[in-house]
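Note that subunit A is present in both complexes that follow, paired respectively with subunit B and with subunit C.
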Partner chain A sequence: MRNKAYPFYFVIGALALYLLFYVVPAVMGFFYSFTDWNSYSADVHWVGLANLKLIFGSGQSYMRYISNTVIFTVATIVLKTVIAMGLALLLTKGLNRLANFHRVVMYLPAVLPMLVVSLVFKSILNPATGVLNTLLRGSGLGFLAQRWLVDIHWAMPSVIGVDTWRGVGYIMVILIAGIQTIPVEYYEAASIDGAGAFSSFWRITLPLLMPVLAVTTVLNLLYGLKVFDVVFVLTNGGPGRATDTVYTVIFDEFSKGRYGVATALSTILFLIMIVLGYFVIRLMHRDEVA
Partner chain B sequence: MLKLKTVRGAIFNVMAAAVSLTMFAPVYLVIVNSLKDKGRASSMGIDLPLVLHWENFVTVVEKGKLLQAFFNSLLYACAATAIGTTLAALAAYVLSRNRTRLNRSIYFLIIMGIAMPTNFVTLTKVMQLTHLINTQVGIIVLYAASQIPFSVFLSYAFVETLPRELDEAAIIDGCGPFKLFFYVVYPLMTPVLVTAAVLNILGIWNEFLLPLYYLNRSAYWPMTLAVYNFFGQFQADWSLVSADVVLTILPVVVIYLLAQRFILAGMTAGAVKG
Partner chain C sequence: MNKLSSTLFALLIVVTLIAGCTPAPAPSAAPAAPAATTAPAAPAATAVPAVTEAPAATTVPAATTAAEPTAAPKSQVTLTYMASQGWIKDAELELAKKFEAETGIHIDYQIIPADQYFNVLKTKLNAGEATDLFGGQSGKTDLKVQYDVEKNAVDLTAEEWTKRMDPLALDMVSLNGKVYGSEIWDVIASNYFVVNYNKAIFDKLGLKPPKTYAEFKAACEKIKAAGITPMYEPISDGWHHVLWFPMVGPRFEELNPGLAEQLNANKATFTGNQTMLLALQQMQEMYTAGFWGDNALSDTVADTDKMMASGKIAMFLAPLTEPQVAEKAYPDLKADGWGFFPIPLVDNQLAPAHPAGPSKFIYSGSKHIAEAKQYLAYLAKPQSLQYLLDNTPDFATLDFSGLKDKWSPNQKEFLTTYPAKTIVYQDAVNYLNPQWMDIGKDLTAMFTGTLKPEDVLKNIDQRRSDMAKTAKDPAWQ
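Now for the complex of A and B:
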């Protein structure tokens, strides 16, 4: 009866699309990573580990792009988590009436197109005419004004800042939902026992939010490793190549027709993320997957 | 004691207001500057426009070929979401109801896609082999495929909550698998499908990497890519860029305000278990 009522061909459409456009390219990636596939010749030759040597070898800047990606990822995870936690607590414990309004506004950046957000920030962060520097100078804080996206030391922090601005509301919303599942009785009992706001947070909220924090961290991690839009629009990897990340370099290599190297980079990223993905799925199905 | 509480409440309110202001500032900036003339908008200042230049919107629609881009985005978002969520619902329903060893493996394989990065380079090869590169059908199919992992994940969990007795009753009444799904199960899945659809539509509206790789004809570009290209041409004219940006984010903001409940439900699914 089961096979009749729940026919396998219902699965085929989704499975076929997924296999053809996700799994097949990923598997092909393993093969093409070891070739000199490029746009200049129709022949594809086996070159063994040449692409990997190029990427991991000394004298090349690929490791720098990978480390840029890691720096971006770690910084955005920490900033988004800490700020989002502060905001989530503010909206759940600090405010009563306007909490919902603020939540709607704070989440807004997360639904806006990253491309558009980045364009606007390109203007805001303009060293000479941008709103940020104008406001800083106007309020006597001119010494804080920087050449944000143009300065080699400030470009990455600026990109991280914009991305945090955009993504923090999303993490906050998840944390709020998590905080709301904690029974009020715990806090009441703690307060009867004399616990203050700080120890309530430290002893009740934080431990009970750990599973949620694990998920948000992994979500931020998956996002950070794949970052493209914000870097592409704000700096396009510059100044020099100070803000290039794995995905912007893959696009760059692709544009130059160096498909082999681009595929090898993609495949390295794939391997890392598939391992992370396994943990995400375990987290999301924590009552099912043993 | 009471005073202390009031002061603390005031501080919290001020803090929240400051953060909300920061979050809204860029949207405010594009709105006010989209209505200024070229000279006054050049620094994207926070001042209000003296004269409202509504004609900026007319100019960008004409110069930026926005109408075409708007309908392209609409087509990609709606067509891909219709295909993607329906196929995902069909698959999730069978995978969730009939949990054989094979079906469980297929389910986990599919939701691995949530984490899996796209290999754009080899995907080009697939697009060439299937003759889908630089076609609108191709981009729709790609977007549909890209939604499948997350939509299957959402729908699978939802199907679990639907009582099996319904299926059994329908079968006894003589429903075949198609009737059972489309008349009984599919309507009951509306909440989760709306959530998936809203998230997918927003995602497609905001995305531009796939068209950047796989659509070389500007006539096929979606809003995002058209805006980016427009920015390249009119960088000096922030009033026009702002007007362009306002038109791009307007549908997103409207959908967000109308469908908040569904967006929040989808975004927090899986992350929080009550």
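Now for the complex of A and C:
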């Protein structure tokens, strides 16, 4: 049932801009992936699948950065959703006074630029002089102090931690909005039937939040797959190459001047994101009447 | 919001746009003081002549045509010059101001953070939009492969100052017999990266400059036992710890004469070279033994002077002029309390001759080539060179003949004790310098145990081969 109040040509302006600045470059990028475009010569030649062979070749370490990206994505989806859900419940059902104040405070990190957040946390997490370790040592918890961003085992968890800290507020706000749309009568009816807190969460809140959770999952998924700035500033893919993700590798290739290879990698990621996004949105609309 | 207010706002926007987009007119009354405007000034409605320094990561495209409000007919040209952080000394900015006072040609310096510089430069060269002058590290690989000087830079062989430049440095800015760049740098004191050691600590523990790696190791153990960090090695910036390896190039060459030439002809590889493998293994050993302190992975180069002054470190790798630079920041630190010896890996006792350095090139597509040549000639005048030398603490000499240098006794002692035979490998071997940061990452992986020394060498060869093939090097076809 389309609302045909506005004729089609109203959309032509926006459509033209969208085509010109989004679709055309994406298609051009797709074609550049099959060339040897680089910074050392002005000519561009078609090389077919040579770039793909380079990326997925036996001597290359693509599994490392792809698995890092997947680990980062899954971890941040789970952490952000769970923590945000907890906070959202707390701030709608738990707290009566100052709920708005707390919501604003929790949301503030999402407003800060990621670059600023990363630089500040780089200083906080410095193993010798950073605030975190100094605090831990000062309060007698020195055994908990780790070499956060430079230890092989702690680098990725630290990056995930910083990203979660920043992103949780955003997801929480979306979930709060979702919870507030659930009619209060359901909860009243449930409490009359003798349902406890956990039951009413599991059987009322969660099922009715499914569409919202689908939205947040898609958002987190796409964000996690294209993560770059937090990794770049905190560790630059280090120590060594332990926290390299797909986009830091693309940036590396671009810096080396191998533009064709970098474009091929980003096209692959683009296709993966389209496929995944499509399926998640299909899931979201599954219950809707067409 | 009624019609009147919206019309007024629209008018205001249009007027501001027009004001911002027209070039600044010459000031009628002499302005009070030239303000130094930082960062991109968007609608620059004020017409203040300024030397714009942008230390933040901005590539300021605005070329303000500011003319000097003095009598004689002066050129109204502005030359744009982009360079990496650290290449432009304050004295040079003063010289630019003097040049402008004499000729009216304004130099617009665009400073870009070091780790982004080459990306920005290559993109601009590729797009055909480089600034009139651009800076770059000299060396044949960089000239040919990174900047493609034969296409992008102006031939400067006929310039007068080329005759006064040090021949080794001149060779670094030349390609196929033609000179393309002007390298005004202290290629000795500022370029020789050697171990600076705290003489007081060494005397207290009864140590002397080591002649072999074994002696160095023993000295480090003694220093560590005394509770002092033997060596300050900041790995966090990604480039400093790489120095250990290519800087002992003269030693590699000493043990395998002709190696650099063979590497360039693709007749030898890094993989399988036992000396190089040993050097890497020794580096690994230094890290694991704790000679670099507990915090090496997050230490930064910026804190070097602070660490020197604190007395908590005994040695660090830096140019011969680092003590002078540190003394300026920490007056209690006496520059002559620091001595020098070469990097002791694989028993090296040679000075790391390193004639390549930051150089200036004129973009071939520039519209002001004559003015740019004029500026380079001005900077290379004996008076300008001496002024630069006298006013820059990290320079002890310049790579031009006929200047009065300012060596300290400790520096002179180093230069006479340790001979310079051949040049360091990042200058002598092709396709090594551009992969500096990648080698840095591999070395960090090696220290943290995820990569073996053999693999570091393999990766170096792989990247050399990739670059050579992309640049269509005949030795790799």
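Just so we're on the same page, the second predicted complex is superposed on the first by the 262 of 290 C-alpha atoms of A that agree within 3 Å, B and C clash if a C-alpha of one lies under 4 Å from a C-alpha of the other, contacts with A are read in each partner's own complex, and residues count from 1 in each chain.
We take it that contacts are C-beta pairs under 8 Å (C-beta built on N, C-alpha and C of every residue); 3 or more make two chains touch, one makes a residue touch a chain.
Given the structure is predicted, the values throughout are model-derived calculations rather than measurements.
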- Message: Looking at A:127 after the superposition, I want to know if it touches subunit B, subunit C, both of them or none. Which is it: first, second, both, neither?
- Response: second
- Touching A:26, do we find subunit B (first), subunit C (second), both, or neither? first
- First (subunit B), second (subunit C), both or neither touched by A:40: second
- Where does A:237 make contact in the superposed view: on subunit B (first), on subunit C (second), on both, or on neither? second
- Have a look at where A:56 lands relative to subunit B and subunit C in the superposition and call it first, second, both or neither. neither
- Of subunit B and subunit C, which one contacts the greater number of residues in subunit A? B
- Query: Touch check for A:223: first (subunit B), second (subunit C), both, or neither?
  - Reply: neither
- Taking the superposition as given, does A:254 touch the first partner, subunit B, the second, subunit C, both, or neither? both
- Does subunit B (first) or subunit C (second) touch A:150, or do both, or does neither? second
- Note on the structure: Contacts of subunit A common to subunit B and subunit C in the A-superposed view 126, 254
- Query: Touching subunit A in the complex: which residues of subunit B?
  - Reply: 8-9, 12-13, 15-17, 19-20, 22-24, 26-27, 29-30, 42-46, 84, 87-88, 90-91, 93-95, 97-98, 103, 106, 108-126, 130, 141-142, 144-146, 148-149, 152-153, 167, 171, 177, 180-181, 202, 205-206, 208-209, 212-213, 224, 227-228, 231, 238, 241, 245, 248-249, 252-253, 255-257, 260, 263-264, 267-268, 270-274
- subunit B partner contacts - residues on subunit A that touch it in the complex: 1-8, 10-11, 13-15, 17-18, 20-26, 28-29, 32, 87, 90-91, 94-95, 98-99, 101-102, 104-106, 108-109, 111-117, 119-121, 123-124, 126, 129-131, 134-135, 165, 169-170, 173-174, 177-178, 181, 211-212, 215-216, 219, 222, 225-226, 228-229, 233, 247, 250-251, 254, 259, 262-263, 266-267, 269-270, 273-274, 276-278, 280-281, 284, 286-287
- Task: In the complex, go through subunit A and note every residue touching subunit C.
- Result: 36, 38-42, 59, 126-128, 147, 149-150, 152, 236-242, 252, 254-258
- Note on the structure: Within their complex, subunit C touches subunit A through residues 118-119, 122-123, 125-126, 145, 148, 236, 238, 294-295, 297-298, 434, 438, 441-442, 444-451, 462, 466-467, 470-472
